[in-house]
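Consider the two complexes below, in which chain A is the common component and chain B and chain C are the respective partners.
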Partner chain A sequence: MNFWQYSSPQYFYPLAKKMAIIFFVLACILTVWGLYIGFFVAPTDFQQGESYRIIFIHVPAAWMSMIIYLVMSFWAAIGLIMNTRLSSMLAQALAPTGALMTFIALWTGAFWGRPTWGAWWVWDARLTSELILLFLYIGYMALRASIEDPRRADRASAILALVGVVNVPIIYFSVKWWNTLHQGASVSFTKSPSMATSMLTGMLVMALAFWMYSIAVSLVRVRRIIRDREANAGWLNESRGAS
Partner chain B sequence: MKPRYKRLILVVVALALLTLGATFVLKAFRSNLVFFYTPTEVLAGQVPDGQAFRIGGMVQEGSVGRKEDGVTVRFEVTDTIENVPVQFIGILPDLFQEGKGVVAQGRINAEGIFLADQVLAKHDENYMPPEAAEALERARKIKMDKQ
Partner chain C sequence: MFSAFLSVLRKELLLAFRQKTDVVTVLFFFLIVSSLFPLAVGPELSTLKIIGPGVIWVGALLCSLLALHRVFESDFSDGSLEHLVLSGEPLSILVIAKIAAHWLVTGLPVVIVAPLIGLQFGLPSTSLILLVGTLLLGTPVLSLIGSIGAALTLGVRGGAALTSILILPFYVPVLIFGAGAVVADLQGLSIDGHISVLLASLCISVALAPLAIASAIKIALE
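Entry: the complex of A and B
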């Protein structure tokens, strides 16, 4: 089997459908499991009471918002360098999910911030850089939408995505580099997690569920983009009956 | 050289320059990006004169008290080295506690008292059930008794 054939929209199209179904099923199972741990197994927090349970949504969404941006700019860069159509389509397909994750992270954060900190929003480095990420996603999508020719849109938006990529490490390290109101990382690569085990398990399962969901929904979206952009290609009309 | 290698080099060089530029900008903004100042920085005069700013640290144990009017709260913010007295009129957030993190916004008056118009609780990264917190507290007390 030639692995590289899947870089062609024609071969990727049916594969994406099969993968999307698998990832959707996994996303459903993991969400149910993760929320069960989050609501029924994980104990109440000693300080925040029940309001800490927002982490089961907030942290996975915030992680995904950064990871999706990295993946999106990776595919945008590959599309720019190799001139491959599918890479740019993948970048295009990831943007709305990334924007959604950023929005969820900001919104749940505000909901948690009000009872915990005493403010819906503060202009600290973590919150502000995450807001900039949302603007980057929106700007990326707006730029794409404003250019008629898809290949030109690919190149222009790829440059925007790549310029914005410096923001991701800023978000991640903001709580380390500066005094912020947002607390430091409870889970990181360098130290053992400062959380009770069942809380951590719930959070990680939810993070996996968010991964599966993001992959599945991006694959569905990339199929729609392929249908749009390859509408004149012969293979699409031939295979329309099949998949 | 193939065009794709040229483009690869271009992208890598552009990203490297961008990272370098961002590093310089962040270094220049370093002090402006600070959300709050610590009491040590405040007492060392590193805060902008006559301007509102935020002060952050721990609420000094046993320092929280109310004035006779019942709404004015006084407490001290500490970074374990220096203390700054803070005065605030209003409702404190639920997580405001002695020995916990706090960020207050306002300005410092002539007597060196920080008049806050907003007090925020700064949460730490520790999440645990109440039983575990009690166990930690017990362990801490035993350790202190031994000393």
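Entry: the complex of A and C
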């Protein structure tokens, strides 16, 4: 079997369906397991009480928001260099999930910050750079949405994603430096280094669950994009009956 | 290659010179926007002194954004951009010429006027000199990064607003270190780091932005 044939939307389309189902099932199992650990096994935190339990959602979402930007830019770059349609479609499919993860991370962070810091929002370096990451996702999707020709949209948004990848570390470190200079919100994320093992396990299981969910939902979305863009291709109408 | 650079630069400057309203509009926009802040915040000089460098930097940033759509848009719509691409000269060099011209007619006037607004905000003379220095280093970076957005949105609906959404996040580091240098100096802190980072961003963006812009223009013209 030739592995590269799956770079063609025609062969990837049925494969994506099978994979999406597997990843959805895994995501459900891992979420139930992770939330069980998070709510019933992990002990109450000595300093933060019950409110710390948001980390089982918050930390995985924050991780995914950054990882998805990298993966999205990777596929966009591959699409730009190798001129492969499916890579660009994958990049397009990943963007909304990445934006959603960024939003969840910010939102749950605000919920955690209110009881812990006494403020919904502080201009902490991480919060600020996460907010800018959300703007980057929005820019990427806005550019793509406003260009009608899909191939041009692929390439233009790929360039934007690459400019973003170069800039993300610069933005992160400049915001970090800005924050230490201002000394305003001297709230640090660094908690006590010792974390109960069950907390760590719960967080890692939830992170895996978020991975599975992101993959599954991106595959479903890429199938929709393929259906949209290849509507005139003969194979789609033939396979519609089969799969 | 160098003569092509010069001829594009000369053409752009001539066009700007014949169409003075464009330049003047940007300049007055800068003056008006910066004057709105004291009206909104209140006339206490102690407050104005703190927000002054930031306000002037945000004003310069908005000016750069306001003028961006003119860098390529008219050349794109009348077809002369296509001729530049087909001319056989390296496109990134021609792009640098266009951006240099753009900065000379919109960025430089803002830098020159900035100390005047600084005086209104009660900044001391050392801060005014530093403000001009950081703006001199920073506004070319704004023009270079902004032109990537302008090139990506060529001929796209909602171009100007879209460019702002694409580009503003990338302006963050320049804003932080540009305004930060003046603020740090007011607080008696060292500013070597800020200046080094501004210089580094200038070097990186001069090296990389024209490549991104050139490929964005080629995508738009396909």
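Just so it is clear, the second predicted complex is superposed on the first by the 214 of 243 C-alpha atoms of A that agree within 3 Å, B and C clash if a C-alpha of one lies under 4 Å from a C-alpha of the other, contacts with A are read in each partner's own complex, and residues count from 1 in each chain.
By our rule, a contact is a pair of C-beta atoms (placed from the backbone, for glycine too) under 8 Å apart; a residue touches a chain by one contact, two chains touch by 3 or more.
Given the structure is predicted, the values throughout are model-derived calculations rather than measurements.
In the overlay built on the shared chain, the residue A:R152 is in contact with chain C alone; chain B does not reach it.
Of the two partner chains, neither chain B nor chain C is touched by A:L15.
In the superposed model, A:W178 lies in contact with both chain B and chain C.
Counting the residues of chain A that each partner touches, chain B and chain C differ, and the larger count belongs to B.
Legend: residue contacts after superposition of the two complexes on their common chain; A:A142 is shown touching chain C, with no touch to chain B. Look at A:L236: by the touch rule set out above, it reaches neither chain B nor chain C.
In the superposition on chain A, A:I132 makes contact with chain C only, while chain B stays out of contact range. Look at A:L162: by the touch rule set out above, it reaches both chain B and chain C. Looking at the shared chain after the overlay, A:W117 reaches chain B, while chain C stays out of its contact range. Of the residues of chain A, those at positions 162-163, 166, 170, 177-178, 181 touch chain B in one of the two structures and chain C in the other. For chain A in complex with chain B, the residues that touch the partner chain are 43-48, 52, 55, 77, 80-83, 115-119, 122-125, 162-163, 165-166, 170, 177-181, 183-186, 194-196, 199. Considering their complex, residues 132, 135-136, 138-139, 142-143, 146-147, 152, 155-156, 159-160, 162-164, 166-167, 170-171, 174-175, 177-178, 181 of chain A touch chain C. Interface residues of chain C, counted against chain A in their complex, comprise 148, 152-153, 156-158, 162, 165-166, 168-170, 172-173, 176-177, 180, 184, 189, 193, 197, 201, 208, 212, 215-216, 219-220, 222. Residues of chain B touching chain A in their complex: 4, 7-8, 11, 14-15, 18-19, 22, 26, 30, 33-38, 56, 92-97, 100, 103, 118-134.
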